[in-house]
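Here come two complexes built around chain A, the first alongside chain B, the second alongside chain C.
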Partner chain A sequence: MGLRWYHFALWIAFIGVMFALPEYVSKGTLRTLIFANFLAVFAISWDVLSGRTGYISFGHPFLIGIGAYTSAILTKRFDFPLEASIPIAVLVTMVGGLVVLLPALRIRGSYFALVTLAYMELMYQLVQVIRPDLTGGTRGMSGLPTLTRGAENGFYMSTCLMLAVALSTWLLMRTRLGTALSAIGMNEDAVSGSGLSVTRLKMVAFLFSAMLAGLGGAMYVHYLGSIAPRALFDINFVFTIIVAALIGGAGTTIGPIIGAFFLTFLLEYLRPWLPGAERYLIYGGVALVLYMIQPKGIFELVRQSLSKLRRAT
Partner chain B sequence: MLQVLIQGLLLSGLYALIAVGFTLIFSIGRVLNLAYGAYLLIGGYAYFYFTQAIGLPKFAAVLLAAVIGCALGILKFLLIVRPLRGNHVAIEISTLILAVVLQSAVVLAFGDSSKILLPIIPGVERVAGAAVPYSNLFAAVMSWVILIALWIFIRSTHTGRAMQAVSMDAKGAAISGIDADRVNMITWAISGTLGAVAGVFFASYTQLYPGMWVAPLIIAVAVVIVGGIGSIIGTLIVAHIIGFMEVLVSTYLAPELRGIFTMVLIIAILVLRPRGLFGREEL
Partner chain C sequence: MSAKLEIRNLVKRFGGLVATNDLTFTVEPGESVGLIGPNGAGKTTVFSQIMGEHRQTAGTIALDGREISKLSTPARIRAGVSRTYQVPRPFADMSVAENIRVGLMPDSVWQMISVGPDPARELELALAVGFSEDQLDRLPSELSMGDLRKLEMARTLATAPRLMLLDEVFAGLTVGEIAMISDVIQKMRGEGMTFLIVSHDLKALEPLVDRVVAINQGTLIADGSYDAVMADGAVRASYLGTA
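And now, the complex of A and B:
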């Protein structure tokens, strides 16, 4: 697997810094960090599906939404306990992952991106029309049971989730499976020519991504305590996830985390000057410029400057 | 019955106009322009600004909106599409980012709330119990005029034929001495112009608000997927299929369901018949 001691040293340092943070930063910053953690989970999940295999999905909220809605409906309408509803939500989302896999077996590239966009729009319209007594219709649901109380507990919960997701993804992607998935992103025909089952590989990637999305979505909805279709199945939400993964560095595990933290804090620091949706002007501008300079993201920029430094000394 | 027919024709004309600019880029440049909806957004707001804030005559405002759309298309080609040439994923993602940037620019300039456009031509005609506003009629007629003009342009001018050539085989076109870069730039300019004009009509059909770029993008995507790419006639036919389907569903079933059938159609076509109803060469 090519593990080195400094990999573990870096992970332990990262975990240590994350858990030391509540001692040093304010409650407001902690709340921002919670959102960054959830965004990182969604971005990692998107990256497993799209960043590695090259099947760009513009409808990732479809999966997140399945997880969030399943758990919300089970707890709110059927009085399931959280310990049961979240695992069920994850399983249901994995079935949703198979639904996303279906078109990926036949179409590639731009058409796959379009069909995932259609999935998201369909889901958005369906939750409003079909059984509004269950889904809460256009207004969504509120008063859902929450997992934690207070900023600090929320921070620990979301950090544990993010770290667990990041570590397991990182380990999985260092196996031969991860290598094969990246190879699909480079040249799918070559992978199938080497005698590997492309269908099975894609299925693993999609199921794993759906599992992370469902887990993230269900935990997120029980952190917020409310759910609304327009906030979830929104092209701006897709945009935030994709940009986080790409700006950090698609095809890596740490990249989406860097991207999520960078962008969440950028958005937060803009708040004093631009309170409303116009913050996205600067946010998107920064993202666009960074992306045009280095499509592989901040991770690649850092790596290149490090190797330059090493050569200079 | 007559009512459905009239509503369907009006809506389909508008849809055809919305979709055709998107189809042009997709068939000639082979890229998805996810910022296509932003042309409609900018066009609609430009028209609003010129008529209702400055007070220019309506015709001049439509022309100015078209000029802005055209400039936007050219700028987008020069600044984003050309530097990223060949990398389709990168183009798609940067146009998505650009769309969100333009949306927030509109929020910054005009605020978050929705605006109502004064109709281009005031007045309503009652036909068989259906209210037909003159603006919608005008929009439908204009879309037909624009589409026919575009069809003649592509069929019979030198530049139009060059566009066809590039869309069929970029290498062959280059060997025959066609400057693909120039053709692409012209296509992006035309697409931007069409988008901005469609935006004026679409905004007067619904209303003007910063998030209005998503719906036309989805319509354009639906038309491209169901129809296959590269033909204006195909775009026209599919726009009518989708337009009539939406009107039929909202008249006979329920208005909330109209979008659902469009999405189901997209997904079903892509999964069952990935080449589209009228075929496309490559996937």
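And now, the complex of A and C:
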């Protein structure tokens, strides 16, 4: 599968740096890192489906929302323990998402993107009108059980989650399945013409993506201890996930992580100067310039620079 | 390695347009048949129906006596029929080896995950169509049209077909590249592969085929030896534009 010693060395170095961070950075930075970790999980989840197969999902919060709401409802309304509610939430996301979105996998291009966007909006409306006694309606829910207390523990929890998601996705995408999924993104008809069932492959990509989104959503809601529908089913949230994956490098595992960290810190460091929505203007500008320099994202930019350096020495 | 193709009373309508009109012909195991006709005659549509990319309106398509027209495209490929396309369709960001790898994959998600690629087989297929070993890491953007056609053939060959459908295999090639592709086809014919070849380049097609089937407006107008079909009045009138 083309695994080399330096792949593992790089992963170990990355894990080492992440776990050493609480010693060197402030609690405020740790809280920013926690959001970066969760954004990385969502961006990886999006990338498995959209970055690889080219089926651009604008409705990923729909999947994240299923996971988050399922676990929140189970713990808050039915006193389920977290150990049970989170796995159930992941399963519900996979099955529920599949039932609703599977027909959409038969349509291509911008139509798929529009359908997924419609599902997100639908979910936003539904949680408000259907059984608000369960979902908390427009106000959402608060006082949910939390997985950790304090910034440091939250950081370790979210880092473990992000690393587990990243490593398992990376290993899976290095198999021939990853090659086949990327091939769909390049030329779906040629994949079918190579004797592979494209619908089945897309379904696998979708299920894996939904699993990660459900897991991330459920754990995120139990990190925050609350859930609010407007924050979750928000177009800005969708764009942040997509831009994180694209800016870092879609179709790779490390790219969405780089993108998520870059975006989170960019927005955070701009906050003292631009507290309002103007920050998004800067971040849009930075994304635009990056795309113009390297459409394949920061990861490709780094890779090209390294190979240039290697050739020069 | 050979397969028999039987097409019986095939009809394909796109609204009011009849693209295939009651077409019947057979390709015997190990035989190489040229499918010719003027532009818009419906040659590629016949290929698309054999592969299941278009479903026929009526008629049957059988491979070794087994009706395949109800099967999906991947199932037909597993049954032993595979095609190349008029415009090569490489996976743009994948190397020659990775492109061939996709063709070699089993249609089982579990096996894709649990079994790694087979570089030796990838190399073998690349060499079989005339690539050199140092071209394996090349991207499609670095290949000539001749090499792209070879890549298309290698990926098709990777699916282990017994019947290969080659669509305009010489289009856009230099004289040297035509000779190179012809050699590959002749070698495979020697090994018993069954071929159905669409080509506008009749001169290049002649040495590669045992028989020629000519169609015009989806209707069969001649079926026989190359010389007999070329001499046929209807073929000359429709295909060559002379009576």
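By our rule, the second predicted complex is superposed on the first by the 305 of 313 C-alpha atoms of A that agree within 3 Å, B and C clash if a C-alpha of one lies under 4 Å from a C-alpha of the other, contacts with A are read in each partner's own complex, and residues count from 1 in each chain.
Keep in mind that, in the parts below, contacts are C-beta pairs under 8 Å (C-beta built on N, C-alpha and C of every residue); 3 or more make two chains touch, one makes a residue touch a chain.
Being a predicted model, the structure only gives us computed values, none of them experimental.
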item: First (chain B), second (chain C), both or neither touched by A:Gly195; value: second
item: Which of chain B and chain C A:Gly54 touches, first, second, both or neither; value: first
item: Comparing the two partners chain B and chain C, which touches a greater set of residues in chain A; value: B
item: Touching partner for A:Met292 - first (chain B), second (chain C), both, neither; value: first
item: Contacts of A:Leu177 with chain B and chain C, given as first, second, both or neither; value: second
item: Which of chain B and chain C A:Ile235 touches, first, second, both or neither; value: first
item: Interface residues of chain A shared between complexes with chain B and chain C; value: none
item: Chain A to chain B touching residues, read off their complex; value: 54, 56, 58, 102-103, 106-111, 113-115, 117-119, 121-122, 125-126, 128-129, 235-236, 238-239, 242-243, 246, 274, 276-281, 283-285, 287-288, 291-292, 295
item: Residues on chain A engaged by chain C in the complex (per definition of touch); value: 1, 172, 175-177, 179-180, 182-183, 186-187, 189-197, 200-201, 204
item: Sites on chain C touched by chain A in the complex; value: 51, 53, 72-74, 77-78, 82-83, 85, 89-94, 98, 101-103, 105, 107, 109, 112-117, 155, 158-159
item: Chain A contact footprint on chain B (complex, rising order); value: 26, 31-32, 34, 80, 83-84, 87-90, 92-94, 96-98, 100-101, 103-105, 107-108, 112, 210, 214, 218, 221-222, 224-225, 254, 256-257, 259-260, 263-264, 266-267, 270-271, 274, 283
